[in-house]
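Notes for the one structure printed next.
Chain nomenclature is as follows: A, B and C, assigned in order of appearance, with residue numbering initiated at 1 for each chain independently.
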Amino acid sequence: MQLFFQDLVNGILTGGILALVALGFSLVWGIMNIINLAHGTFIMLGAYVTYQLFVSFHLDPFLCIPIAFVVLFALGYVTQLSIINYVVRAPVLTTFLLTFGLSLLLENVILLIWTGDTRSVTTGYSGAHLDVGGITIPLVKLLTLVIALAIGGLTQLWLARTKLGRAIRATSMDVGAAQLTGVRVAHVYAIVFALSAGLAGAAGSLISVSYAFSPSSATPFLIKGFIVCVLGGLGSVQGALVGGLVYGIVETFASQYIGAGYADAVALAVLLVILVFRPTGIMGRATA
Amino acid sequence: MNGEFLRIDEVGMRFGGLRALDGVSFDVERGTVLGLIGPNGSGKTTLMNVISGVYKPSAGSVRFKGTAIASLPSYEVCNIGIARTFQIVRPFANLTVLENVAVGSMFGRDRKPTHEAFERAEALLETVGLARVARRPASDLTIPDRKRLEVAKALALDPEVLLLDEVMAGLNATEVDEALELLRAVNARGVTLIVVEHLMKAIMAISRTIVVLVEGRKIAEGSPAEIAASPQVIEAYLGARFAQRQRQ
Amino acid sequence: MIGIAGNRVAILVAALAMLALLFVPLAKSDYTNALFRGILMYGAMSYGWNVIGGYTGYVSFGNVVFFGIGAYAAALLATHGITDIGLSIVAAMVAAALFAVVLGIPVLRLQGHYFGIATLSIALAAQDLISNIDAFGATNGLSPKAATLFGAAVPYVVTYYAMWVVCALALAGTYAVSRSRLGYALVAIRENEGAAAVLGINPTKYKVIAWAISGMMGGGAGAVFVYANSYIDPATAFAVDNNVFPIVMALLGGVGTVAGPLLGAFILTAINETLWNHFPFIHTLFFGAVIVIVVLFLPRGLLALIAARRSWSLYVQHLRAYRV
């Protein structure tokens, strides 16, 4: 029983970060109908930015979150306006390949700057943990969960309350109608893509504290982004959160009871089974 | 003898909370021309989709020559002799007009080898008046020509029953007359027609029986003369349209 | 463009190029053989992708799985003493086709992004699974003995000819498909699945057939690769390059054409080779850029560009079409 609750807690802690990993991915998919295969690489960029700030300036990784967000936001904005904007309406082959090409390009940039070595950010409090009734809760992961939830909440508030946020939601429901009411779709898309990249950057910062990472860590995070979206639905904060938590728990139990080596295979099998029975994901096409 | 040719029996179709069709029943006799009319959104296209196997009805049954076809997928419905056109045309945009039609002859009931299918497609394009654009990609066609292409593709299947969903929309008066002539010729060869059309003149001219749908329910069925005289229909359907026309 | 085979002159050129490729080993250079064997291998895989992604319009992002299955089928046969290369190719094709049928029936119901993700997941899951199974050598891989043919040992150069045969079969198979009812069924499904169905085309049946053919082409290439490489492990068999190169090649040459994949294989291999030789460290960066450029400026491939002759306006037109 003890083990069960420990796994559950671990699953929830993992789920928080996965929700943030998926959130940006889900926004771009849900609103722009583009699957951004470079999202995992954006996350890694966020992790490396944090790593660099930590190494060069001894900046606390949690304080790096806004910086990583801003850096990736800017990169996302430029990428959208200069490249993605030209394929927004293109068929899936085009957008898949284009974003894949981008991810290759960025991954190579990462390799050039930071090499392929595995990196991690270890702070003075990295090993600290709480002990609640025999269940261990690593402090860093708890903080990560809280921050991930806070970022998700802020995003939700921003989408719901601001003029731009509402324009984004209108666009996700009906591009044509949004255009008619004066929404500048290209601008909305650029903001969505930038926001998505910014969220990836923030996720990367958080990941850098809890996990060791290398340029090739991008793909697993990307895949997890898929799974969370398929579980939770597209384009909404709640969906990403539900999907992230569910998947975090499933993954933790799967590696506990089936074996860590199979964790990814199990995750992918779950994804396939869900898709086969619900061809557009568990929640279908949710709107924000 | 014809009672059991095509029978629509208590067909219902729901989309979430919306009842697009509600207990619709009627028989279609072999060799007839049945007009299906009703205001926008009354469920005409939905009924076409049910008969052709694109949708499974949520209630009721469709029987064709004694077999239940409501649960068959559309390619099987096609193979037993029911062809249709789409109101919102669906050309194979990157294929030529000729190829579009040839695909129909290659599959459907005939399963002709490719070269025969192309020969038949040439002939059909002549019939529907598309021979002049046979080798152009279907994406180049004008709206009326796309409607003609829909008809040609359906005819290529050599059907026993042909469902035509607003194939005359957007045609001018002469073109409507040509289309009516074509449909009469097709019908004369023994093909049963179910025609959905907003153009009253055309529907009245070609139909032997007319079924009127309003909000998913059948409110009347009868000869064109009976329908034109039915106070119910005039009120629920023609009335509204006449009033509309007078305003314009 | 008339017909679903694509430009006839281009097909003729592709056929002649295939014939010319028969003479490559006369140069007696291992480097040249390996280079052109690579073109043939990627050509076959690109043809495989083209059947499902190009002709049928189901954009698979996991076709590498067939290459991997073919490779492992051959490697496993070899560990059981069967090293006949002809037999290995056939067995690999059968294994890949069976896999395509079994998985295709559920997965080909998915569309668009979901199909892309599902196929990508299949490839990743297959790699994960094989990495965990000892009978497949797990992450250590398998090293088959040298190939034989009809019981006799054969020189290494036979792997070149075997790859030629696989690629030639893929080209000829694609041509045959494009001239047949099957080809029209696939294109009709690509253009509008619902409209295809009311013309009597059973979409599931034809999609599964297409994927099985697609699998055979990739599987055959995998079988020969095992003997050419004399080693296979999950990372090699399911390499990202093997997944993406064939797609970019088809795109570069012309998606849904008979000549496109071979043309694309030539050009992309040339680009890739040059980049490797001149910029070993930033080669992926350039390669990523090549993909971006091809996708942005040549989404219908070089063949369409040549055919259109108004190259400049064609690509401006593409840029206009898809942006907001």
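Definition applied: a contact is a pair of C-beta atoms (placed from the backbone, for glycine too) under 8 Å apart; a residue touches a chain by one contact, two chains touch by 3 or more.
Predicted model, so just to flag it, every value in this text is computed and none were measured.
Which chain lies the greatest distance away from chain B when centres are computed from Cα atoms alone?
Of all chains, A has its centre farthest from that of chain B.
When you take the mean of every protein CA atom shown, which chain's own CA mean is nearest to it?
Nearest to the common C-alpha centre lies chain C.
Between chain A and chain C, tell me the centre distance in angstrom, where each centre is the average of that chain's C-alpha atoms.
32
What whole-number Å value describes the gap between the mean CA coordinates of chain A and chain B?
49
Roughly how far is chain B from chain C, centre to centre by C-alpha average, rounded to an integer in Å?
Measuring from centre to centre gives 42 Å for this pair.
What residues of chain C sit close enough to touch chain A in their complex?
53, 59, 61, 106-107, 109-114, 116-118, 120-122, 124-125, 128-129, 131-132, 244, 247-248, 251, 255, 281-285, 287-292, 294-296, 299, 319, 321-324
Per the contact definition, I'd like the list of chain C residues that touch chain B in the complex.
Those in contact with chain B are residues 1-4, 179-181, 184-185, 187-188, 191-192, 194-203.
In the complex of these two chains, what residues of chain B are touching chain C?
Counting only chain B, the residues touching chain C are 52-54, 73-79, 83-84, 86, 90-96, 99, 102-104, 106-109, 111, 113-114, 117, 135, 137, 153, 156-157.
Going by the contact rule at the top, pick out the chain A residues touching chain C in the complex.
It is residues 29, 33, 35, 83, 85-94, 96-98, 100-109, 111-112, 175, 185-186, 189, 219, 223, 226, 230, 261-262, 264-265, 268-269, 271-272, 275-276, 279-281 of chain A that touch chain C.
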